[in-house]
């Protein structure tokens, strides 16, 4: 377990499914968080911290709330991609007001899930596809095409190196598209 | 969130650091588990389930206890590699006694961590190296050389596709060596 | 403390504010519910149970989820009024399918808050008005104009009997209007 | 949810049933408070805060402990009526010593429960009557005959406006009597 | 840790201090029991189980509630001595009704605390004495003069064997007196 | 409940059984400590505090971690005896460095369990013996042969005064031997 000092600010994320966001009602986590929830919170936090210069953020903590109203497929990667937009909308006014330097923002970040169904890599699986997938890969990338985080899990059968490569190719293109769309949304919202 | 039925048995893992296993004393988790602990428990469990045919396990639950007496570097991957040995030592007598079919055991599984320090991929980082690493990659593989799980995190700077490839190459060789050593230990222990 | 048996079914409600539903972010209740939340859950449950014949509901439990996306004013009475609509939309298909008798539904129920500001009774206070109110009254009524629940609290100064009467008059008309609107929404939704 | 500043002091109440105070043993609340307990604590606290000028209380917190040794009927209103006496006995010495100004005390406060059984309003129901009651009304009043809090619940059937009026008439007389008795007890105790 | 099977019934005890039972208000244990409370509960339970033949108790669980209204000195030994009376008052009617055999009751049990102040053994220390005591000894005995439990703690300075003997002598006489008084109370109460 | 001020430092102990330290797997205490665990922690802490001059310890807190890897018999007394060694190994370097005065250490402390099996006192019972024992006595003594703590429990049948004396004689000799061995270990380790 590493002990690091964090000069400057911090960014953390909270994630929760509304009870009726899933087909079968999900119980509220009022007596401690489930392992899955904690894992997703930590992933979103790590991913979005890669988009900010924490030292330049100063003595501030950003909390990105990812409350899922409708869950169908990759909610953790959607939370990262949408959370990035929320982060920019929160920080941009502070940059314009001169309270934060413009370079507090680093390269934009987006995320996508890829699955392998019957040997074919498929992007952003919906609930029905997801439950058939042999492999489940979550990829977080930045606008430079580099990786922030990769999490690949063999759901049924172990996967080959070339399958990993196919899935990463697909994810790269998708993240690049998502980053383009994030910029459009941010531009129209500010 | 997926709802799956598990006909047959189940395998789960518990992970804990003894307070004095770390250089700075770690607090006991007596009021709920930390996110990091839950994440590691889930990873170990998923990885070792890939080594067993749960249906052939019958109405049994295996709990693999990973209590870290001395923590220096990749304790989660060491828990998977060592946990596999414990699993075999627990199931082998049941197989010999005819209570379990031999094919309850699937392909052996091992895990290793790889870090990137100053652009160089390095296996199984110790505590000091780990805190300098730019990338932290945990790889779980089976004896066929396929992936069970890949978790790569950019600790400081995003990483390139070719860096990922270098780290995966290194991990593949290491897992293959570890599986050889696991078999030696199992053979001498049974 | 009363111990009652409930032959037949049960209806309960859950209430939560999304963290960003309030002007100042509200903390998630992941380590036990606050007293205010429990009080509101119990009020919503009691109120909506008045709209159903629990015995005719059979061995069923209805959970009404009231997740507040935007909080401005009387969220507990809005939860009752909206929760009634959700309840009917959930039960009506079962009635049409013959799984429930039509008279499982009793007289419709709605709720409204009334406040007293500078001696004037005002309906459904918004956040700014609410913080100025001298009295805060929540009224739950049915379509027959009778009371299901009354909760009046002197926020700053005790209130007079005739002030109570003025507030109840206002609430009666409002509940009657709300019940009319509930029926319109239910009709268009089914 | 309102955010108020409280210059000066605060008053809060704790309420608990001893396990053997009820006919059927009540479980201790050692792993979090039940909703009913929290609701009652909040009601007692709000009611007794109406009897004190918090600003004149200075930097003090009063905790009124209401531990029910024998529960039969309206324990929450008995807690308010008895809690008022305890509050005065605690503050009076400080007033006499000059540590608190005499006008820290506002108009005296008492509370009573009224039920409706077979259409008849009845004061302060005992356990057996309470379980038959159609309506359960708790009224907190001050010595000026004004309302601090009204909580009326239809236990079985909705209630009419004139039933509410009959119950409020009965409660007014009872609270007036209780305030007279509180003064007698306080006088003899000081 | 021993794993024992308990054929027949069980007896357990609960202990709590009312907040105002102590000179400085004691906090309620609503979020888990303190170590001291658990230790006392276990001691009372063990001690009173020695007075009952659990096998002859049949499929029954006795819970002895020890709620301390006024704490001054040895509340844990007073709980055992008083708890024994409560136990007999609860079981005697069942014995008379023929639901329990008379020999479900074993030899009577009582307990006392002894302290050592300035080298002198003193029985049943009050709060002020207790805080000066050098040794604190709790003794649980039965009517045959044998020991059920001994717990001696050096509060300030270690104690000698002959001091232990003096304290045990004093405790023996006191327990014998207490058992005589228990019988008087039980006789007059039944 | 006593309220004492502790000028200077403090010493506390933590105790836990590893899940596989017992023949039947012990559950981890991740949702609050069991009563037995708290009782043992408190005993170890009290016993080792007798070996240190807390005032001379200064503003320091010592935490003695007693993690049982293999449980067979008296783990609580073994924790005290071993914990004393750990304490000295932790403090001795500070004494040598002049950060602590040599007289921060008081008389050495050790502990042993004694059981009574078929009327015979036996030292340090193993698991099998322990489950047959009629009496279970834990004795904590110092190098002067005085008592720090005595805890004797009749597991099956009450015990006589002369049995207590036999067990104390046996414990005295054993503690004296243990203190000799502690010094040997400390000398060779420093």
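So that you can tell them apart, the chains are marked A, B, C, D, E and F in the order they are listed, and the count of residues begins at 1 in each.
Methods note: a residue touches a chain if its C-beta (ideal position, glycine included) is under 8 Å from a C-beta of that chain, and two chains touch if they have at least 3 such contacts.
What you are looking at is a predicted structure, and each value in this text was computed from that prediction instead of being measured.
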| request: Could you tell me the least number of steps, going only between chains that touch, from chain C to chain E? | output: 2
| message | What's the minimum number of touch steps needed to get from chain A to chain F? | response | 2
| If you fit chain B onto chain C using only Cα atoms, how far does it have to rotate, to the nearest 5°? | 120
| request: Could you label the chain A-chain C interface same or different, taking same to mean over half of its residue numbers are used by both chains? | output: same
| message | If I compare contact pairs by residue number, which of D-E, A-B or E-F overlaps with A-C on over half of them? | response | D-E
| Chain centre separation (chain A, chain E; CA means) in Å | 59
| query | From the C-alpha centre of chain B to that of chain F, how far is it in Å? | reply | 37
| How many angstrom lie between the CA centroids of chain C and chain D, rounded to a whole number? | 24
| said: Multi-chain contacts only, two chains or more: what residues does chain E have there? | reply: 32-33
| field | Chain contact topology (line, ring, star, complete or other) | value | ring
| task | Beginning with chain E and moving on to chain F, name the chains as they sit around the ring. | result | E, F, B, A, C, D
| query | Any idea which chain F residues touch chain B in the complex? | reply | 14, 16, 18-20, 25, 28-33, 63, 65, 67
| query | Can you list the chain F residues touching chain E in their complex? | reply | 1-4, 17, 22, 24, 26, 32-33, 35-36, 38-39, 41-42, 46, 50, 71, 107, 130-131, 141-142, 144, 146-154, 158-161, 164, 168
